[in-house]
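See the structures that follow.
Next come two complexes built around chain A: one with chain B, the other with chain C.
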Partner chain A sequence: MDTSSDEADDWFIDSLNTYKDLHVFQLEHPTKVIEWTGDKRICVAGYTGARSEILELLLPLKLYAGDNQGLCAERDFKVQHGGFSEEPVECLIHIPETRFVVTSGGSSPALQIWDIGGDDSDVIKRTGVINPKSTSAKCGKIASGLTENPTVLHGSYTSDVQLTELATGRVLYTVGNESSDLVSGLQFVNACVFLICTSNGALLMGDIRDPLTCHYPLKESMSGLHWCFGLRTSSSQSDPSLCTIARLSSSGHMVLSDLRDLQNPFCQTQLNVQHSSAKNEFLIVSWASVLDSCLSVSGFDGTVQVYNTRNWSTEAQTPQPVFSHRGHDMSYEAKCSGSRPVVTTHAWHPSRPNTLLSAATDGSVHVWDWVDKTTDT
Partner chain B sequence: MPEIKVTPLGAGQDVGRSCILVSIGGKNIMLDCGMHMGYNDDRRFPDFSYITQNGRLTEFLDCVIISHFHLDHCGALPYMSEMVGYDGPIYMTHPTKAICPILLEDFRKITVDKKGETNFFTAQMIKDCMKKVVPLNLHQTVQVDEELEIKAYYAGHVLGAAMVQIKVGLESVVYTGDYNMTPDRHLGAAWIDKCRPDILISESTYATTIRDSKRCRERDFLKKVHETVERGGKVLIPVFALGRAQELCILLETFWERMNLKAPIYFSTGLTEKANHYYKLFITWTNQKIRKTFVQRNMFEFKHIKAFDRAYADNPGPMVVFATPGMLHAGQSLHIFKKWAGNEKNMVIMPGYCVQGTVGHKILNGQKKLEMEGRSTLDVKLQVEYMSFSAHADAKGIMQLIRMAEPRNMLLVHGEAKKMEFLKDKIEQEFDISCFMPANGETTTVVTNPNVPVDISLNLLKREMALGGPLPDSKRPRTMHGTLIMKDNSLRLVSPEQALKELGLSEHQLRFTCRVQLHDSHSDSDTLGRIYTYLKSALKNYGVQHLPDSTVIVESIVIKVTSSPEEPNLKVILLSWSYQDEELGSFLSTLLKKGLPS
Partner chain C sequence: FYLSCRTFACRAFVKYTALLREETFLKRNPLRKTQRRLFNAKHTCLESDALPIVHHVKYISDLPENHRFPMGKFPKVLECLLRDQVITDKQVWAPKIASKELLGCVHTEEYLANFIGGKISEKDQRRTGFPWSAGLVQRCRYETGGTVLAGEISLQKGLACSTAGGTHHAFPGYSSGFCLLNDLAVAARHLMGDSTSRKKILIVDLDVHQGDGTALIFKEEPDVFTFSMHCGKNFPLQKQKSDLDISVEDGTEDKEYLSKVQEHLPWLLDTFHPDLVLYDAGVDPHREDELGRLRLTDQGLYQRDLYVLQTVIKKGIPVATVIGGGYSRDIDRLAQRHSIIHRAASKVWREYGL
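Entry: the complex of A and B
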C-alpha cells in the first residue's frame, strides 16, 4: 500500500538534516499528558474514552546508547506498567522521589492517586482518592509539592485551590482568595512559593506559610482569550530571581515576566499562529530544561514551535521560531483520517538539550532531537 | 468436557526458541521447531522429552507445522526429524520450503565448520528432512487425516510467513508465528477472517512493545548511508538474497533520484539471479507494488543500481554495495569487508540478526580486532551499524488481530506471567475472553464449548410463533416441546407428530384414573357442585369449569361423581388425567382425599 504523499516524503527527506534523531510511534488511544517518571520513563494516559489506559513507557534504548548507538538497534518503546482509569485523564503529575502519580479528569474535582509499581508487577494500581470539598463539576489542575512529604496542590477555581497531603488526605493549606477565576495551571517555584495562572491570564503568587495571595492581572485585558503559563526554574529549590514566567494566550500573545516583578512583564510579543478557540485545552508553553532562554509552544495545530527568547525585545514584533516540528502533520494517520491532528502536549527531555517528546489527537507520539541551524556549531 | 491443551517447549522465558505443542480433538501437533541462538549446548534445542522420554516422535505427533524460515522457528527441525526421529508430514508454505534448506545449510556450515561443533545435524539430514515437507498454499484447507485439517493465512513479516489454523471437528486453534499488521515496501499486512478459533496463540513480546514507525527506521538508514557517502566513505550492506535487500534497494533508488546523488550503488550479481528466481516463484507473496514493478521490468533494473564486479571494491571514492551472505560469514560480503574494515570513513550496516560464530555477530558485539584465517588479525575501524528492519506486530497490532479473528480465548507464549498482568486484564476486559500465559514446559488446558448445530423444522417454528410475541424473548422464556432426531450426520428438531410420522409410529395416549371415596350426604350433582366451588377457590391459577354434562374440568383433568344405590352417602369421585398432567392430577387426588370443607 502506498502510504506516502509527496509532501510527507519531502519532509522525511529533509528531516535527515533537520533532526539528529526521530522516532514516530502510534498509541492505541491519544494522550493529553506526557510526564517524566524517571530518567528514561514517561507516563501517558487516555482521555477519549470512559475507560482510559495509563501507561508507563520506557524510552527507546537507542537514545541512551551514547557512543555505542550504532550497535543498538532498539528503537521501540517498551510498556513497563499499565493500569485502567474509570475517568478520562486530563492531568497527570508525578510525585518526585516516589512511584506515585496523581491524575484528575472527568466531571468532578476528585483526584486519583496511583502506584506505578516496581519490578514485580506490571499493574498500575489506584491507591487512593482525594475528594476536595469543592462543588464544581470541573476537573482540577494539579501540581506536585516540593517538600519531602508528598503533597499535591490542586483546584479548578482560584477559590478552591488547596494543598493536600497524599498519605493522609489532610488539607494542609487553602488559598484565601475571594475571587473565583478558572485555574489554567499551577506550579511550585520552591518548597513554599507557588504560582497559579488563571484562564484570563492573571497570575497569583502564594506561600504555603501565608494564606494570602498576591494577584497580578494582565495590564490590558484581552477578553475571550484563554491563557496558560510555563515556569522556568533552574532547580526545584531555586532562588526566585532566576525564575521566568511565560504566559501564552489562545491567539498567540506571549508575555514574559520575572518572578521579582510580576506586575511589569519585561517582554510582550505576538506569535504568528492561527487563532482557534476550540483547542484551548491543548495550549502549552514550556521552557527548555537545558537550553537557555528557549521555550516551546503547541496546541494551535499539528506543530510544536521552538523559540529562542534571548533576542526578544519589549517592542511588539513577530518572532520567528528557531525550529518547527511538523511531524504530526506529516504522518500517515493524519492523511487518512481527514481531520488534521492537533498536538495535545509536549515535554522537553530533562537532560538531553535538544530532545522533545510530543503527542497529538491522532494517537501519535514523537521523540525528536532537532538540529539548531541558527548557531554555527 | 472437550478441551485443548497447549504446551510451549522452548526453554527459559526468552524469545528464541519457538516450539509449541497442541493437543486438540485427540490429535497432537507441533507448531514450529526453532533453535535458541544464544546457547551452544543442548539448551538450544526444544525439550522433546516432554513428548516422549526416549524413542522416535512419529507415533506421538500427527503433524509438524513451520510458520516461516527464520532459524528461531525452524532451526531445530533437522535435529528433531533426523536425530530424535520423526517421519510424519511437515507442513510449510512454498517459499518457506524453498528458503529453509538454504538457511539451515548456511547455519550448519557456520556451526560445524567455523565453530567445530560435533553434535549437530549434517547436510544429508537437512535433505532428508526436507523430503518430508508437504507445501501449503494460502487459504487452502489441507486434510492431514480424516479429522484434522489445517489452513495457512498471510502473515506479512517475511516472504512465505504464515499464520496457521488447525481444526478438528468444531474445535480450532490459530497460531500466529511472527506477523505484522502494517504493510511495508515489499510485503503486505497479516490478514485473517473471523474464524473464531477456540484459542489464538501469539508471542507476548509484541504486546509490550510500541514500535517505531517504518519510515523512521528507513530515515535512519538513509541518514547513515548519506553521511558516509558524503564524507567519501564506502557502505557495505550484507544481505540475504531476499526480502530486505529489495526493500533497501527501492529505498536507496528513490533517495538517490530525489537528492540527485552520484555515488555508485552496486548489487552483487549472484544476489540478482537468486532474487529474481525466487520472486518469479513467489510473486503472489509480495505486495501489489512489487508485483506491478516486477511485471513491468526485471526486479533489478534500477537506474542507479548496477551489477557489482569484484574489482570495484578497490575503486576509490564513495560507493554502496549490497552483497551476500548476510552474516559476513563467507563469500563476497566477507571479502569486501576485509578490504574496507581498516578505514574509519567506511561503514557496514547489518540489517538483521547474526548467528554466533560469524564475523557479523562479533562486530555487532563491539569486537574491534578479528582473527582471520592464517592467524592474521583484522582491525575493525569502520563504523558498524545494527539496524532492525524486521516487521513485527506490537501492542496495537495484537489487539487488531484479536478483533479480526475473534478468538474465544487468547494464549501468549514467551512472557513472564507476573509481568503481563496488565496485558491480561486489558485483553480480558476489552474482548471478554480469557488470556493464558503458560511458562515453558507448562501446559494450559482450555475447556471448549463447541456448539452443536440443530435444524428446527418449519412447522415447529411456525407453531411457536403462532403462540404470539417476538422470538426469542429473553424476558419470557418458554418451554418448547419437540423431538430431536439424530440421523446420519444431521440433528433435527421436529414436532412430536412429525417425528411419529417419520418413524412410522402411532401415538399412544396414557391416562390415569383414580377413585377417591368421600362421605357426603348430598346428591351426586350437589356433591359435584361442592367440589367445583372448592376447587375453584383453591386453584385460583387454573381453569376450573363445571360442565353441563356433569363433569368438572380442571385444565384437562376430568372429575365425575358417582354413588351406588346401596350406599348413597358414599360418593366415589372419579378423576381421570393424561400423563402430561400427572403432577396436577396427583395433587388433586391428594387434595380431595382430605375431604371437602363443610
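Entry: the complex of A and C
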C-alpha cells in the first residue's frame, strides 16, 4: 500500500495543476454507459447482476460556475431520475429532442424503450419493447436515427441490423447483408447514411434509401483481435470530407479513414497499450466534440488517454497522449481495494472543449476538465 | 455611601478576578514579571491590550498564473479583519524571518541547504505543488516565524493568532502538499524549552488533511502530543500515526463534527496537561472547499473554533492559532472563512478578560 498510496498522493498534488476541474462520484453499481440526455445531464445504467438501475444524473453545478465558484456550493452529481431494468444494460442511447432512451442487454436482441420523465416524477418508466425477429442470443448495439421521426438502428450481427420506428415498432429498413459478422458499433453519419463496424474491423456503409451496403474490410486482417470505432462528424453533416472514422483494436492498433475513401485508410498507428489486459467489451475510441483532431481511448486499463492526431503520419510510430486521466487508478477506493479498476466507458462533453466523463468497474464516475499543456509549444 | 460601597466592591471583585487569572497564567508560565521576554518579532505591540495578531507582508510570494494555491488569501485575511473592524493595526505584530538555526531543530541540514539554495529536484517540487523560487523560500520562512511568534506571545498573553501557518505536510527531509517547512513543529520545538524547564505542547490539528509531517516529527517525543482530526479519504492517502488520529467520514456535517471534537479535546487536556496548545484551525472542512470532502458551514467552523479556544483558555492554558488549509478559487470568500478563527479569538479574548 505504501508505494502505491505515495503514488496516489503524488498524482493528487499534480492533479491540482493538470486539471481545471475534477469531480468524483461513486455509484452503487458500475456502469458501462454514459449517454448525454441534456446539456448538464447524463444517463448511466448497471450491467452487473440481473436487476440493474438506470439513473439520470445532473452534473455538479460547480463545473459550470467558472470563476464564480463561490456562488455555487454544489459539487456533487445529483440523481434526478431512476428506474429498474430486469436485465443488465449493455447499451443505452438517447433519442435527441425527446426524453426517451433505448437500452439493450441480457441474452436477447430485444430493445427496451424508457421515458426518463420530467419534473413531475423521478421515476424512469419503461414504455415499450422492440422485439426484432432475429434468433440470436446476443444483445444488439443501438444507434439513434437522425430523422425527425424517432427511429433506432440496431442489431447484433450484420445480417440482422434493422431500422425500427420507435412509435410503432415498424421495421423501416433492413441491412441486406448475407455475411454474419458480429457488430461492434453502428452510427448514422447523416439522416440517411450509416456506418457499421464489425468486430473484425471491417466497415459497412449503407443508406436507408438503398438496400445494398458497401463492405470495406481491413487490408491486413489480424485475427484474434476485436475492433471498435468512433465517428467524427462535423456540424454540417452533409460534408463527407469532415467525417473521419477511427478504428481501434484490442491490441492498440489504430486506423484512421476518411468517409470519402473507406477502402484506403489515411493513417495507421500503434498505441502504447497493454494488450493482454484488454477487456474487449470496454474498448472505446471517441472523437472530441469541439477540439480538432483530438480523440480519446479507453478500456485497456484504468486510464483514459487523449491524443492529438494532427501530426500523425502514415508510418507506424507510437504516438504519445497529450493527456492521460489516471483518476480511477489513483482514487482512495482503488488504492484500498487492491484490485485495479478498468475504465468501462467515457464520453466528451458536447460543448465544453476539454471536458470528459469517464466511468470504471469500481462504480466510480468522474467528470474532468484537463489542462492542455501543449498549446504553448 | 451604600452605592459607592457597592461600586468599590464591584471594582475590587473585578480586580480580584483579573489577578486570579493572571496568577493562574503565571503559575503555569513562570516568567519573571519584570523581565521582558525576548520575542522573535520585527514589530511588537506590547502596549496593546487587544488580541495579538501576527502578520507579515512577506507571507506571500509570486506564483505562476493560474496556480491553484490561493496565495492571495494571506493579506486578504488581515484586510477583511481590519475592514470589519474586528481588529485595528495597533494589535498586529510582525515576525522575524525564521533563522536557519530555528529551522534546523526540525529539518535536516541537507534539506535546508537544498531548500534555501534552490536545489530541490523536479520530482520533489511536483510533490510540493510549488515551483521553486527565492520568494517562495522567504515567504515560508516568514510564515514559520509567524507561528513561532504567535506561540511566544500566547505564552505571555494567553492567546495569539497568526494570519497564516499550518504547513503540516512538511517532513524533516522533504516537502509535500504545499508545505515546505513545518511551522507548527518548529514552533513546538522552539517553545518546548530545554530539559530543565520543559514545556508540554498539545498540537490540535483540525485541518481536513492529516497533519502527517507533524505526526512523524513528534512520534517519539513524549512532551509533544499530536492530535489530528481529518477526513479519511482526503490527501494524504499514506497516513502517518499521530498520537491521536480521528478519521471522519465524507460528508460529515456541523453537529457530528463538533461532537467529535467535544468527545476528545477535554480528556486530552485533562490527561496530557499541556503548557501550551497550538491550534490549526484549517477551514477546509467547509462544504465549499474544493479539496475537502466534509460539509461544515461557516457557523459550524465558528462554533468549532469557539469551543476549542474556550475549552483551552478555561483551563488556564495559553493557545496560539494558525489559519491552516483552505482551497477555493474565490479568494475573497476564502479569506472571509479564514478570518473566522480571529473573530472567535476576539470574542474569547473579551470574554475571559485576557
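FYI, the second predicted complex is superposed on the first by the 365 of 377 C-alpha atoms of A that agree within 3 Å, B and C clash if a C-alpha of one lies under 4 Å from a C-alpha of the other, contacts with A are read in each partner's own complex, and residues count from 1 in each chain.
The working rule: contacts are C-beta pairs under 8 Å (C-beta built on N, C-alpha and C of every residue); 3 or more make two chains touch, one makes a residue touch a chain.
Owing to the predicted nature of the structure, the values given are computational and were not obtained by experimental measurement.
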Simultaneous placement of chain C and chain B on chain A, clash or fit: clash
Partner chain in contact with A:53 - chain B first, chain C second, else both or neither: first
Which superposed partner A:14 touches (first chain B, second chain C, both, neither): second
Partner chain in contact with A:77 - chain B first, chain C second, else both or neither: first
Winner by number of chain A residues touched, once chain B and chain C are compared: B
Touched partner set for A:6, first chain B, second chain C, both or neither: second
First, second, both or neither for A:121, with chain B first and chain C second: first
First (chain B), second (chain C), both or neither touched by A:28: first
Partner chain in contact with A:178 - chain B first, chain C second, else both or neither: neither
First, second, both or neither for A:148, with chain B first and chain C second: neither
Among 23-31, 95-103 or 275-283 on chain C, the segment whose C-alpha atoms clash with chain B after superposition: 275-283
Those residues of chain A which chain B touches in one complex and chain C touches in the other: 1-2, 9, 12-13, 16, 68, 70, 73, 75
Chain A - residues contacting chain C, complex: 1-2, 5-6, 8-10, 12-14, 16-17, 67-70, 73, 75, 332, 335
Residues of chain C that touch chain A when the two form their complex: 67-69, 126-129, 176-178, 232-233, 235-238, 287-288, 290-291, 328-330, 332-333
Residue ranges of chain B in contact with chain A within the complex: 183, 188-189, 207-213, 215-217, 219-220, 222-223, 226, 255, 258-259, 287-289, 364-366, 383-388, 394-396, 399, 418-423, 425-426, 429
Chain A to chain B touching residues, read off their complex: 1-4, 9, 12-13, 15-16, 22-28, 51, 53, 57, 60, 68, 70-79, 81-84, 120-124, 365
